[in-house]
Amino acid sequence: MDTVIELSGVVAVLGQFPALAGVDLSVQCGEIVLLQGPNGAGKTSLLRVCAGLMPIERGTGHVLGIDLATNREAIRSRVGLLGHANGLYLDLTVMQNLQFWASTVAATASEVSTAMSTMRIDGRLADVKASQLSAGQRRRCALASLIVRRAEIWLLDEPHAGLDAAGRDELDALLRSAVASGATVVLASHERDRALDLATRTVTIDGGGAA
Amino acid sequence: MAKTSGTGTSATRRLGIVVILMLATLALCGLWFSAEDVVQGSTVRIMYIHVPSIWTAYIAFGLAALCSGVYLSGKNRSLAWDRVAGASGEIGVLFVAVSLVTGSMWGRLTWGTYWVWDARLTSTAFLFITYVGYLAVRQLGGTHRQRARRSSVLALLAILEIPLVHFSVTLWRSLHQEASVANPNAKVELDGLMLFSLFLGLVAFTMLFVWLVLHRQRAMMLEDAFSDRGLDVAITARRNEAGA
Amino acid sequence: MEHASFIFGSWIITAVSVGAYAIWVLRRGRELAKQATREEMPWT
Amino acid sequence: MSTTGISKRRVVIAVARKDLTIEWNSRILVNQVAPFAAIVMVLFAFALDNDGILQRVAPGLVWLATLFSMLVVIQRSFTVESADGALDALRVAGVDMGAIFMGKTIALMVQLFVLELMLVATAVILYGVEMTLAGFCEAIVTLVVATIGLGSVGTLYGGLAAGARGRETLLPLLLLPAVAPVLIGATRATEAAFGSGGTTVSEGWPWIGLLLVFAVLFSAVGTVAFGPLVDE
């Protein structure tokens, strides 16, 4: 199996604070890796580094064979990140949000409607403004816009947050099918039992490093 | 340690002594030995510091843009370029401020008011504000590389804005006296000693600028080094959180 | 000398502001250098 | 930056349409910014309560009100991006920063243009400005060219200030000195169009040339400089 994420001694800072203080991590293609650890352990920063969003100060890292230190912009179009924020425009309707995200990555209208029905935000919800959605519905929207991205690596930060029981099942099914079609998943979740069931491997993060 | 305390070396010390001697000579020539101007009278003595200050400011902003360009185009992107640009920008702001104050005092004597809406004055004021903004952006925080990238782009934008602002303000209004050395028909006629004083001022201020930049960018290097060292401490502290 | 206050005033303002900045830079450098190692001061 | 091979033009259009749809859905410009600009014009009339003065300085007031309102519109344009991490999401999606810049600039220009039309109309009504047909044409050309310049610089510095703490104060500090040429050029050109203080329409064209230089320069530079200024 190919190694898709390879980090060694990675330090990343927020302002002057070392959110990551020397992380080593290796993820193979097709894995579902669960990051666990207390709040403030550095899980979010680790996902942002893997997405090429946060620069690394020290250490070396490669994602999909691309060097994080020199060329992290090239990683971005090939991975999908679901952060704490959903990345929605609150003044746009669900449909308008999805159409916008689809047009930035050249997804077709049928892909959009498939993603919307997968996350069950089609029908009546499609014309509701994002600002009027519940937290769980916004999460579904964000996941739908992630589906149309067709990412090779899915980086998910608390994807279960706000979802109801049915939504969590649907999410798990979605991730399993993504992996079945060749993707890799790294997720951080406090839904321990559910995530352990889903994950093929668990990595504990604490004090800004992989323990 | 004793011989090289602080940001100085024997070279900067020698440069510093030369600068002080030149500035002292400038004060003697400018304030005492040189003749008064036929038209402007004694007020021409302000010129010997006013013109070199604005000259130095232009050199400083030019150097800041140059170093920023080198930083952005360079392969290994040494932060040294960013620090020289930052030191230069800071000193440039100081000299623009000085030249605005001395210029308005000169204006008070020749035009009768501290401020006239003349092209050169107005565009110099814009120059000042633009680089105050540049210094503010340098203080935004983040990592050294973020600071360097943002401020380098901004320094290049500023150097682009300056001619546009100057040109538009000149079109808007022009009452200023012509640059006197370039134009032989201007109001100020410089004799030998006056010319000497002016050029001495230009040379002395330029060397003073070099001296200041050397010291300031070394101090900045230490500031950066210390925050890196702070990072080492913070990383250790962060790793220890794991056990706790 | 005519207008002596303005002329000397402008020279003094220049000297004081540039001088104060120079002294600040020197003192800051000296203060930082006290805690610096040789490797952090490549000019020495 | 983008490796997905979608055309840049498509992204530009998508971003511009998205920003305009947001405005259409929320009506901030119509319900808040435009009334603000209008009240500024009325306040100018109170402050400069003198027969003849208002008519003479109307062009400058129009552009001053535009600049102040523009600050609000730009802040808004980047608040919607950062409110729910949408700009981060765009960056992770590898969307070309130059295309985002152009899209947001176009949306800002459309909004500014509407605002300026409204302000000119206010000046005509409140300050008693009279225009010839040639003057009207010149005024429209001035609005278009000045708006291109304002939109470009505004988006560029708005993006820089969006990532910063204290952005509310940083944006005017960076932006207002940079747009001084637009204020000067647009005011003079509009004076010629209005015929304020005995100027003629033909006197305005050189100023429109200045505006054109500014617009071309900053729309080109902004496309290149936006990415490095905004990205981490």
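A, B, C and D label the chains in the order they appear, each numbered from 1.
Criterion: a residue touches a chain if its C-beta (ideal position, glycine included) is under 8 Å from a C-beta of that chain, and two chains touch if they have at least 3 such contacts.
Remember, it's a predicted structure, so these values are computed and weren't measured experimentally.
K.L.:
Weigh B-D against B-C on C-beta contact pairs and write down the one with more.
P.N.:
Top pair by contacting C-beta pairs is B-C.
K.L.:
With centres defined as the mean of C-alpha atoms, identify the chain lying farthest from chain C.
P.N.:
A
K.L.:
Of all the chains, which has the CA centre nearest the overall CA centre?
P.N.:
Central chain is D.
K.L.:
Between chain B and chain D, what is the gap in Å from one C-alpha centre to the other?
P.N.:
Inter-chain centre distance comes to 32 Å.
K.L.:
So the centre of each chain is just the mean of its C-alpha atoms; given that, what is the distance between chain B and chain C in Å?
P.N.:
The computed centroid separation for chain B versus chain C comes out at 13 Å.
K.L.:
Hey, how far is the Cα centre of chain A from the one of chain C, in Å?
P.N.:
52
K.L.:
Need the CA-centroid distance for the pair chain A / chain D, whole Å please.
P.N.:
Those two chain centres are 36 Å apart.
K.L.:
Quick one: which residues in chain B touch 2 or more of the other chains?
P.N.:
As it turns out, chain B has residues touching two or more other chains at 141-142, 146.
K.L.:
Tell me, which residues of chain D touch at least two other chains?
P.N.:
Within chain D, the residues that touch at least two other chains are 232.
K.L.:
For chain A, jot down the residues that touch at least 2 other chains.
P.N.:
Touching at least two other chains: 55.
K.L.:
Considering every pair of chains, which are in touch?
P.N.:
A-B, A-D, B-C, B-D
K.L.:
Considering the complex alone, what residue numbers of chain D touch chain A?
P.N.:
Touching chain A from chain D are residues 1-6, 10-11, 13-15, 17-18, 21-22, 25-26, 80, 83-86, 88-95, 231-232.
K.L.:
In their complex, what parts of chain C are in touch with chain B?
P.N.:
Touching chain B: residues 1-4, 6-11, 13-14, 17-18, 21-22, 25-26, 28-30, 32-33, 35-36, 40-41, 43-44 of chain C.
K.L.:
Mind pulling up the chain A residues that touch chain B in the complex?
P.N.:
Touch residues, chain A against chain B: 11, 13, 15-18, 21-22, 55, 57, 206-209, 211.
K.L.:
Which residues of chain D touch chain B in the complex?
P.N.:
Touch residues, chain D against chain B: 156, 160, 164-165, 170, 173-174, 176-178, 180-181, 184-185, 188, 206-207, 210, 213-214, 217, 221, 225, 228-229, 232.
K.L.:
Quick check on the complex: what are the chain B residues that touch chain D?
P.N.:
For this pair, the touching residues of chain B are 72, 126, 129-130, 132-133, 136-137, 140-142, 146, 149-150, 153-154, 156-157, 160-161, 164-165, 167-169, 171-172.
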